[in-house]
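Listed next: structures, encoded as structure tokens.
Next come two complexes, and both contain subunit A; in the first it sits with subunit B, in the second with subunit C.
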Partner chain A sequence: MAAWVKGGAASLDAAVEAAADLLAKARVPVLAGLNADVGAVRAAYRLAETLGASLDPVSGRSLYAELGALSAGGAMTTTRAETTARADVVLVLGNRPWDGDLVGEIAAAPLSRGGAAGAERVLLSLGGPQNGAIRHVAYAAEAGGLPVALGHLRAFAKGHLAGEAAFADLAKRLFAAQYGVVIYDAEEVGELGVEMLQGLIRDLNESTRFFTLPLADPFQGRATVQLSAWTTGQAPRVGFGRHQPEHDPWRFDSARQIAAGEADAALWLAALPAPRPDWLGRLPTVAVVGEGSTEAAGETAEVVITVGVPGESVGGALWNQRRGVIAYVDAKVPTEAARAVDVLARIRDRLIEKGVSC
Partner chain B sequence: MLTRIHGGRVIDPTAGRDGVGDVWIEDGRVVAPSDRTPDETIDATGCVVMAGGVEVHSHIAGGNVVMSRLLLPDLYVSEAAPNGHPFAQAGGSGSWIGANYARMGYTTAVEPALPPSNALATHLELADIPLLDRGGLAVLGNDDHLLQVLRDGEGKAAVRDLVQQTLAHARGLGVKCINAGGASAFKDGVLKLSLDDEIPCYGLSTRNIMAALLDAVEEIGVPHPLHVHCNNLGLPGADDSFVATLEAAEGRRIHFAHAQFYAYGVADPENPMTGGFRSAAERINAAMEAHPNATYDVGQVVFGQTVTISLDILRQFGGRKGAKPKKWVLSAGDAEGGGVVPFLYRPRGPVSSLQWAIGLELMLLSSNPERTILTTDHPNGGVFTEYPRIIHLLMDAEERAKEIATLPAVVGERSGLPGIEREYTLSEIAQLTRSGPAKLLGLTDRGHLREGAKADVAIYRDDRDRTAMFSHAKLVLKDGQKIVEDGEVVAWISGKTLSLDVEADAGMAKRADAYLQDRFGAGLDTFAVPDAAFPETTETFEDVACRA
Partner chain C sequence: MSTLRLRGDLPERVDLLNITPLALSGLSEAEAGKLAIGTSRRGLTLGEVFAISLDGSDSLVIEGGSSRLDRVGAALSQGTIRVEGDVGQRLGEGMAAGTLTVTGSAGPYAATGATGGTITIGGDAGDHAGGAVYAAKAGLDGATLVIEGRAGDHLGDRMRRGMILAGSAGAYAGSRMIAGTIVVSGALGDHPGYGMRRGTLIAASHGALLPTFVETGTPDLVYVRLLAQTLKRLGAAQAGLLGGTLRRYSGDLATLGKGELFVAA
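Then we have the complex of A and B:
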């Protein structure tokens, strides 16, 4: 465990005290990042409530593209395992799903379950990188990008547009599915695109079964959404400044709050690696960061406390990308590092002792 | 500390108690009357004293409950939080759920749908429900591994071991099957499934799957009987599914979830799917009388906006176009998945009024309220905070008649409710909400006030206005500690998650791990619910023993 206060090495006790002092003075504190295990994020919610602070996960942009469309029109989804074993037609949207092993794994796996078991899978792409290494049928997106392309595709699928266009052919292939899946990244497709996609899926389900497989962000956003929902009844971003949880993605955007001068202190939680925010160092900040990370240094913020990295040096409940659920991961190489959950709970306890209450 | 609750009307049907008397408590348990001077005497004069309420079927945690909050963020209202608990006023949150149950005098609640594939998140959520003991029922009946074992005819021992391994890893309190085979069939294009219809690709039927689970539950000695959500929920003629399933149990213990949604007889035999439905409460009641092995919870409907949450994806897909507002989420999951469909039980609407009437009729026809437990299948029939109003209607025929008078004539034309004069007694309410559900769950330490019981006690001011009486308990004790006074929470304690004390068979665990690795590329460890996952609490779980 290492900690620094104003650049000088400090004990954990001293750093917790300094963190509590810093946050206690703030009028509009923000807790940002939230890339940590579920226990630590849970502790962050409790700390924010005590402070009257707002919470903003680093995964925000990806989450809102999904959540906005979800609350507007709903969704039809499936899992990676069901896609791999059962989906006889798979449409890969955009570029991002081609990163990583997902598409390659699906392409290589035989259809092993459901009515299409044993058949050959049809792999399609729309607006993708035209990856030649994996055999598939590629359709180009239009100039307007994926949302417009999805709109046109849906129009052909519904019969509102007709002709020999490529999308007419693509729509036919989709309707031929027994169990079809569209893989996409919400941040890449955007909220309007996700909404159009889910409309297309609803239309396809008039005659066949078709679902979506949205990719999860890499920063524990899916786990944070769940915890936020059962803790506050609402998704992040959430603020507690008015004695009750208020969900407002615009108002509690930490980057916006800081740029506008609204926020006067921050706590940056990144027990797992997260993109360093450009505001770090621009306002009084407590950084709770993973040991060994580039931010684990005295100059990162006014108060810096290093913590164990969940799944590496400490155990923790984390989002399992492969399974699409929260799963517990033991420490690979346990160290004496403090756990983020304990550090945040201690800061909160000190604030309560100081009589801080929103 | 020795506490005496003095002078209240003590209602404990399990001991034949209904009269003014005392209840003695020490170290979190009900004890025999003592000659010692109590450390504290609670004056319950003018009050009714009951065991804490026990909930058997309420959707209070899990992926679909989370999804319902994201789909309908405006369903519940958050209010400014008083000091004491950070999130209890956050509408729809886990803390809000715990606080509202406790205010009504409930001290235990069970989530009936604990998906083994998402067990840890569900348990993390359950653990964040304060004030109550809670538990979850592990859902089986659509998972490919189980269906493979059945298809391949591996025998009862293999099924038992797989069920036991699943229970142990998911840390369930019991086993539930939801439209067994229905989710699997749905993924292969099936849109309606009855008891003996074939599940594509497996050559099985709901009957086969359910029978195997009924046997496994008995062999393992799970105290709670198999908790069954039948085929064809909510459709005219669903009473046929209910009765056929009851008979298919062949005398084995079975619990039916939300029976009201199956008490729909076909109104027009010439046009069964378009002619609407009529109450089949009398038929269901007669079937229950003939099958003492069975119990059900009601799934009472209440008027107003709600959201339906079910792992029965086949049913939720079928009902999606009835969504109000017009949006829904359907998840074709690794086994069941599920659906979240908003729904409005239109106040004084003919259909919702008939549903409302059928639920009450079921309870009022019941000869044994311990077998016909009060639920709203929260939030599917409506929010659980409506229990006091439902109790009021059961206890007060005049109040019921007033409400019926405001409803469409269909209530009288298609249900027998208006002709029923019965009024529930307080003892019967205690059977409906305490002793019945506790017995059903096999929790012998609660649901009554006999010596040795947990000191989970609810004290209500006796009031003819039963809605007011049961909405805000005067005092609630959890394990002997005061948690509610005058309807407000005064101590934010954490209860325990009740899970069955079973161990996975080592051979089956190894086999399951290999199966999961092959199917998911991730093994049994990703399905586990270890104590270490609950870093801020100790002793989250409490073991419940199997039947001898």
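Then we have the complex of A and C:
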């Protein structure tokens, strides 16, 4: 464990005291990042409730691209395991799904379940990187990007457009599926594109079975959505300024709040690596960051406290993308590092001792 | 005429939901001054933010504006509110009737869910003017929204009924529109009408057009002439646009396809 206050090395007790002082003085504090294990994120929500702060996960943009469409029209989704074993037609949207091992794994696996078991899988891409290493049929996205291409494809799928266009051919291939899956990244496709995609999926389900497999963001956003739902009844961007959780994705967008000068203090929680926000160092901030990270330094913020990295130096419940659940992960190399959940709880206790309560 | 005179810069966003002439009519100035309108842990009262002068009338003037004044005129059901300055998000949210006028500019989601009355913005409007907020079924829902300046992106997103007039608009105007009419005297940004089911978009010009809009000629429609008469009665600059020949596009064919985009030919 290491801690710094105003650039100087400090004990954990002193850093917790300084953190409580900094947050107690704020009028509109924000708790941002939230890239940590479930226990620590839960402690952040409790701290926010005590402090009257708002919360915004680093994955907010990705989460709300998905949630915006989900809240308006629902979604038909499936799992990675079902896709691998059963999907005879797989459409990969955009570039990001190609980054990990998912597409390669699906391409290599035999179809083992359902009516298409034993058949050859049809792998398609739309607006992808033209990956030559994995055999697939590639369709280019047009100018305007994936949302426009998805709308164009859906018009052919509905029969509102016809002709010899590439998307007419792609629509035929989708309708030929027995169990089709579209893999996409919500942030890359955007809220409008996700809603259009879910409409296309509904249209395809008029005559066959078709689902989506949205990729989870890499910053524990899916776990935060669940935690926020069971803790506040709302999606993650909530504020406790008026003694009850208020959900407002625009008002509690931390980047906007800070750029507009509304937030006057922040707590940045990144026990797991997260993209460094540009306001770190400009706004009075308590940074609770993973040991060994580039942010684990005195100059990062006014108060910096290093904590164990979940799944590396401490255990913790994390989002498991492969299984699509929250699951406990043991430490690979346990250390005596402080746990983020304990640090946040101590800051909250100190605030309560000081009489700070929303 | 009652007045609320802004005392100075706002240290936090304030929420003026239910600060309407009707709500204030039964209160003394001292009672009104105690109404909580702050949104932070410290909070603010109406009296801390504004110098209050009430006369029980159905007309309220807010002297001085700020982009941190949220939900001005929200749920207004009668009377008039005039803001001499800017306002924040959700101007006139859920408004049912009455007149709401802002001389400056408005933040995002102006007139969201407004079912009646007239909302006029003298300056510009932020993104999603007349658009739906998170998880809402509809944006503008029967009211009339007049934006004399420029509207941001997603003008009239998921709008269900009513009319929006604007000087110009950003990208994705009329996105996911369910029904209603948007008339823009200037230019629309890229991809107007994305996912629109029904409804009418009229503009002088537009940016990139979606491939799911198809041209259907330059019809001379009685509807357009009737709309022009309505706009003239409103004194709207947009009426002039309807006097010339309009090229019609039908879309969005990705969805129901019963929407239409008219552009000056």
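By our rule, the second predicted complex is superposed on the first by the 358 of 358 C-alpha atoms of A that agree within 3 Å, B and C clash if a C-alpha of one lies under 4 Å from a C-alpha of the other, contacts with A are read in each partner's own complex, and residues count from 1 in each chain.
Methods note: a contact is a pair of C-beta atoms (placed from the backbone, for glycine too) under 8 Å apart; a residue touches a chain by one contact, two chains touch by 3 or more.
Model, not experiment: these values are computed from the prediction.
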{"item": "Subunit A as common anchor, with subunit B and subunit C clashing or fitting", "value": "fit"}
{"item": "First, second, both or neither for A:Gly199, with subunit B first and subunit C second", "value": "second"}
{"item": "Which of subunit B and subunit C A:Ala345 touches, first, second, both or neither", "value": "first"}
{"item": "Contacts of A:Gly241 with subunit B and subunit C, given as first, second, both or neither", "value": "second"}
{"item": "Partner chain in contact with A:His152 - subunit B first, subunit C second, else both or neither", "value": "second"}
{"item": "For subunit A as apex, the angle formed with subunit B and subunit C - C-alpha centres, to the nearest 10 degrees", "value": "90"}
{"item": "First, second, both or neither for A:Glu262, with subunit B first and subunit C second", "value": "second"}
{"item": "Which of subunit B and subunit C A:Ser71 touches, first, second, both or neither", "value": "both"}
{"item": "Residue contacts on subunit A - larger count, subunit B or subunit C", "value": "B"}
{"item": "First, second, both or neither for A:Thr79, with subunit B first and subunit C second", "value": "first"}
{"item": "Subunit B versus subunit C as contact partner of A:Arg113, first or second or both or neither", "value": "first"}
{"item": "After superposition on chain A, the shortest CA separation from subunit B to subunit C (Å)", "value": "7"}
{"item": "Set of subunit A residues, in rising order, touched by both subunit B and subunit C", "value": "67, 71-72, 235, 242, 246-247"}
{"item": "Contact footprint of subunit C on subunit A as seen in their complex", "value": "27-29, 51-53, 64, 67-68, 71-72, 142-144, 147-148, 150-152, 154-155, 158, 160-161, 192, 195-196, 199, 235, 239-242, 246-251, 260, 262, 358"}
{"item": "Subunit C to subunit A touching residues, read off their complex", "value": "11-13, 38-43, 67-68, 70, 89, 108-109, 132, 134-135, 137, 158, 172, 175-176, 190-191, 194-195, 208, 210-212, 252-255, 257"}
{"item": "Contacting residues of subunit B [partner subunit A, same complex]", "value": "61, 63, 65-66, 69-73, 76, 78-81, 83, 86-87, 89-96, 117-118, 120-121, 124-125, 128, 144, 186-189, 200-201, 317, 323, 327-334, 337, 340, 519-522, 525-530, 532-536"}
{"item": "Parts of subunit A lying in touch with subunit B, wherever the complex brings them together", "value": "38-39, 42-43, 45-46, 49-50, 67, 70-82, 85-86, 105, 113-115, 117, 178-179, 205, 208-209, 211, 223, 225-227, 229-235, 242-247, 315-317, 320, 322-323, 325-328, 330, 339, 341-342, 345, 357"}
